[in-house]
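Common to both upcoming complexes is chain A, partnered first by chain B, then by chain C.
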Partner chain A sequence: MHILVILKMVPDVVEELEIAPDGKALNTDYLRMILSESDDHALEQALLLKERHGGNVTVVAFDAPEVDDTLFAALAKGASRAVKIVGAEPGMTTSGAGRLLARILVQEPALLPAGLVLAGVQAIDDLDALVAPLLAHQLAMPYLGIVTRVALDPSGETASVLKEYPGGVRGEFEVRLPAVLGIQGAEKPPRYVPVAKVRAAMKSQKIDTVQAPALTGGDLRLVEVLGMNKPQLTGHAEMLEGSPAEVSSRLCEILAGRGVF
Partner chain B sequence: MTGEIWVLTEQWRGRVSEITYENLALGRELADALGTPLVAILLGSNAKDLAATLGKADRVLYVDHPLLEDAVPQVLAEVLAGLAKEQMPRAVLVPLTNVGLGVGSFTAARLQAPAVNFCKDVRVHEGRLEASCVMYGGKIESTVALLGSPAVLGMWPGARPAENGRAAASPAVEEIQVVPREAPPVRLKKYIEPETGDVDLTRQDVLVAVGRGIQARENIELAEELAQALGGAVCASRPVIDQGWLPLSRQVGKSGLTVKPKLYVALGISGAPEHVEGMKNSGLIVAVNTDPQAPIFNVAHYGIVGDALDWLPAFTAAIPRRKSQHA
Partner chain C sequence: MGTSQVTLESLLQFPEGKEILTCLQCGTCSGTCPYGDVMEFPPRRMVAMLRAGMLDQVFASDSLLACVACYACMAKCPRGIRLTEVLLPLLKEQTLAHLSEVPAELQKALQSTLRYGNPMGEPSRKRAAWVKTASVPIRILAEDPRPVDVLWFVECYTSFHPRCQDNSRATALLFHKLGIDFAILGNEEKCVGECARLTGEPGLFETLVDYNMAVFQKYRFKRVVTSCPHAYSALKNLYSSIGFHWELEHTTPFLARHLVRLKPLLVRKLGYIVTYHDSCCLGRQNDVYDAPRALLQAIPGVRLAEMVHNRVNSICCGGGGGGMWLDTYYKAKGYERLSERRAKEAAATGADVLAVSCPFEVSRFEDAFKVLGYDKRMVVRDVTELLAEAMEA
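Take a look at the complex of A and B:
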């Protein structure tokens, strides 16, 4: 089976995020970009299926800082092909990117057909849409999100898929293929790939580039960001300062005062 | 007259979820500000009785069909989009939960309508709908204007207290016949109940929660020692469960359990909305994180900026000392 995995680079929120002078976007000067966490799980799930059933895995991503490293890492992990979409309008909305992606998947040779299209269930900057349901709509495929396990049925016509519900409950679904799945977590943690292997992939493999076509009707931009701010600290914690011993002693007094012990 | 404000009722396994009442409370404010009715949309199979609990709305639109029983997002969205296309509401509030995720994006795509995710609040400003959206794992809030109708608002839990969205009144119920186009290509086979863990987190007075900052499986032992000293149990945020360091039965948050212990100690947990949703009502929250900007400090009562691994042994050692001094 051919599996497509949609990868997206997002700001690393471990770093401090700065807002641009216009107050409406992040300041990209010092932004460190990483692969969206659930996309990493989508890739892992695809690689597990490839190992189990054969076939090939194609990873597709829009051009972004650090994306080449991510695509080569995917190749080093076992992806069969990496495709980078270049020339898209900067700062596209998620809904615009999803529409453009659907068009590219249909137009470019050897991307479709695919039995499965996997994407992370959501990214931290998916302001106006989620990619997986949007792609399913555009490609007229079934969709299921918050997925944590995918098993292909021997017929190859359906997949058995686990979706998470609240309270630790999971639902087992039968999904007709081809389908788009929003992956929350792979069956196993995403595999580690040594830097040496990524370097080797950089030497021996290549990233295919695809020029983004113009989006029919443009990026609709049906939402307008009026401003960004860091959350107001109305209920901010009282911060305890000092050495671990000093802080621990103070905290013990607080807990005792609250009747914890 | 401006279009109505719609709230999509989340009903799952025969019960209306709390987020429905939260959204009804917010929807009431929006509807009153715009001078338009508030309508609850109820999609289900033999679920009409649930409409009686939606009295905060002026009326309930109910669609009954066997295909709606399992709340498959694609099916819900098809019906919701069909209704919205016909009746053109001003806005639809949809829950961004594990049950309903995807409904908003599908509905907006079908209608080519403006949509936003991660909404924690919505207001009417100069006749326009503006949403506050929690982005980047809770580190940034965006204020967003929705340019057009119907606006599809993907709501985080907690926009308003659920009790504000309950009312004794029985709303008028209008039943509408809608037939989804065909059997969904996504079919629920069965629910799998959570495995009963060795510890029932929801019954613990003290929880010591570990997140990504715990760094390695072997460090969880330090948290276990603290939990033992405090007479509680260890739980975790999603990344720790995904790594397989603790079982699913120990997960707190959106996909895991909702807990309300007397004391919740969050170690190396950033405070992404998905986790906060499951622990924000704890009696006393203490958070330790290396990042002074971590959103967990916005819900914690006491905060410590530092590496949980440096702080854990000192705190664990201090507890028996404090107990013995005042025994």
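Take a look at the complex of A and C:
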């Protein structure tokens, strides 16, 4: 089976984030980008399915800083093809990204047909969890999100999918293929790939580049960022000091003052 | 040899691989290995299996994850087979490639070392943040690139770990009081990569070598002094073959060389019984045994008490070769923590202080003391911390 995995680079929050002088975006001088964690799980799930059932995995990502390293790492892990979409308008809305991805998947040779299209269910820089369902809508495929397990039927026509709900409830679904799945977690943690293998992939393999087509229609920039702020300090803990009697007396005053008793 | 298929034939093509043919099968390596008793295939048996062409079984075993790269087998081998230096990392690379799952802590440490230049996953832009907490000025070369005598390579734990920063603050104070012309690389510094290599990640090591050598070339300095025995060992024995030509010292021999000027500054009588733990990289691998002891003996009121295993026979703290990030894995396997085995020996000396000279050891032994209940009667101090303490009037 051919499996497509959609990868997205997101700001690396280990390196401290700074806001740009215009107050509307992150300062790119210090910004580093890293593969979205749930997309890493989507890739791992795809590789596990490939190992179990054969076939091949293609990874697709929008251009972003450090995306080449991510794509070569995916190739080193076992993906057979990496596709980078360049020239897309920055600051696209979620619906725009879904439409653009659908257009590229249809137009670019050898991306479709695919039995499964996997994407991380959510990314930290929007939390909307909408790109994958919008893509599914555009491709007229079924969608299931918050998926933590995928088992393919030997016929290759259906998959059994485990989906998580709040409170520890899980639901098992059968989905007709091809389908789009939003992966929350792979069956096991994303694998380690030795750096030597990534370096070898950089020498022996290539990344296919696809020019993003111009999209018509007015829904690419429906959302405008008005401002971006770091969390503001709104209060602080008050440390009570003194003897146990003084502290307990002060504590009673505070609780009484707040109407606790 | 990289990650390509390793066969007996390909192994024997290399001088280091050919060394296995000289093995006497005496078993000294397995007997001296601190985890030899828990490994499925201890070093002697592993060498025998390699010679018999049973490479797949060796690679499929996780025995080498228990190799803490302590150099004990290599130091004792009557044939001088470079087990820790060459053979075991080569085999470990294959172990790592064959594991169905790399232990999570180790994986995170390796990925963080590649991405942020330190195994803890701390932001690379904050590597020099500790400098603000030092009591003396510290020059950062990126801000002031004038030539300098000593380039102090601080290293990871000494830059980021709150307790290990005490070592850095003490070292800065010592350099300052001795009038040393020194500077650091600050945020440009990245891990030297010794642990990455000995964990079986040569590609990561090579990436760090390329980066660090390019940074070294940017500045003019006479010598490198480092707080980390692992960095010292790799710079001395591996970087030197690819163009690292500067004079190099670990902080303890460097300070011992300045002992005549240092001694009058040690004005405070400490009154401690101190036992010294030989770091594997400093001791067995590089023969540095006397300098840290000379420094300790120069401190007024310090009496040295040796542990049963000392110098070449010292027992590893368990942090080398990736062991620093395998504690959970070892625990799950039921292995004794080596830092606890060593802490028991330290406690048996009756010492007040366990002195160390490797940044890994502070947290390892402090944890071991807490687990064993020794933390009320003993403390762990880096040699530099004790020197700085003795400087306080």
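Going forward, the second predicted complex is superposed on the first by the 229 of 261 C-alpha atoms of A that agree within 3 Å, B and C clash if a C-alpha of one lies under 4 Å from a C-alpha of the other, contacts with A are read in each partner's own complex, and residues count from 1 in each chain.
Keep in mind that, in the parts below, a contact is a pair of C-beta atoms (placed from the backbone, for glycine too) under 8 Å apart; a residue touches a chain by one contact, two chains touch by 3 or more.
Keep in mind that this is a model prediction, so the values were computed, not measured.
Once the two complexes are laid over each other on the shared chain, residue contacts for A:30 go to chain C alone; chain B is not touched.
Of the two partner chains placed by superposition, only chain B is touched by A:128; chain C is not.
Once the two complexes are laid over each other on the shared chain, residue contacts for A:199 go to chain C alone; chain B is not touched. Of the two partner chains, both chain B and chain C are touched by A:189.
Of the two partner chains placed by the overlay, neither chain B nor chain C lies in contact with A:90. By the document's definition of touching, neither partner reaches A:257: not chain B, not chain C.
With both structures placed on the common chain, the touch criterion links A:138 to chain B but leaves chain C unconnected. In the superposed model, A:225 lies in contact with chain B only, and not with chain C.
When the two complexes are overlaid on their common chain A, residue A:14 makes contact with chain B and with chain C alike. The wider contact with chain A, measured as residues touched, comes from B rather than the other of chain B and chain C.
In the three-chain superposition model, chain A touches both chain B and chain C at residues 14, 16, 188-189. Note for the complex: chain C touches chain A at residues 2-3, 93, 96-97, 101-102, 104, 107, 110-111, 114-116, 121-126, 201-204, 206-207. Looking at the complex, you find that chain A touches chain B at residues 11, 13-14, 16-17, 19, 26, 41, 95, 121-122, 124-130, 132-134, 136-138, 142-146, 160, 162-176, 179, 182, 184-185, 188-189, 220-231, 233-241, 243-245, 247-249, 251-256, 258, 260-261.
Contacts from chain B toward chain A in the complex involve residues 12, 17, 70, 72-74, 77, 97-99, 101-102, 105-106, 108-110, 112-118, 130, 133-148, 184-194, 206, 230-231, 238, 242-244, 248-249, 251, 254-258, 262-263, 270, 283-287, 291, 293, 295, 297-306, 310-311, 313-315, 317-319, 321-323, 326.
The residues of chain A lying in touch with chain C in their complex are 14-16, 30, 34, 188-189, 191-192, 194-200.
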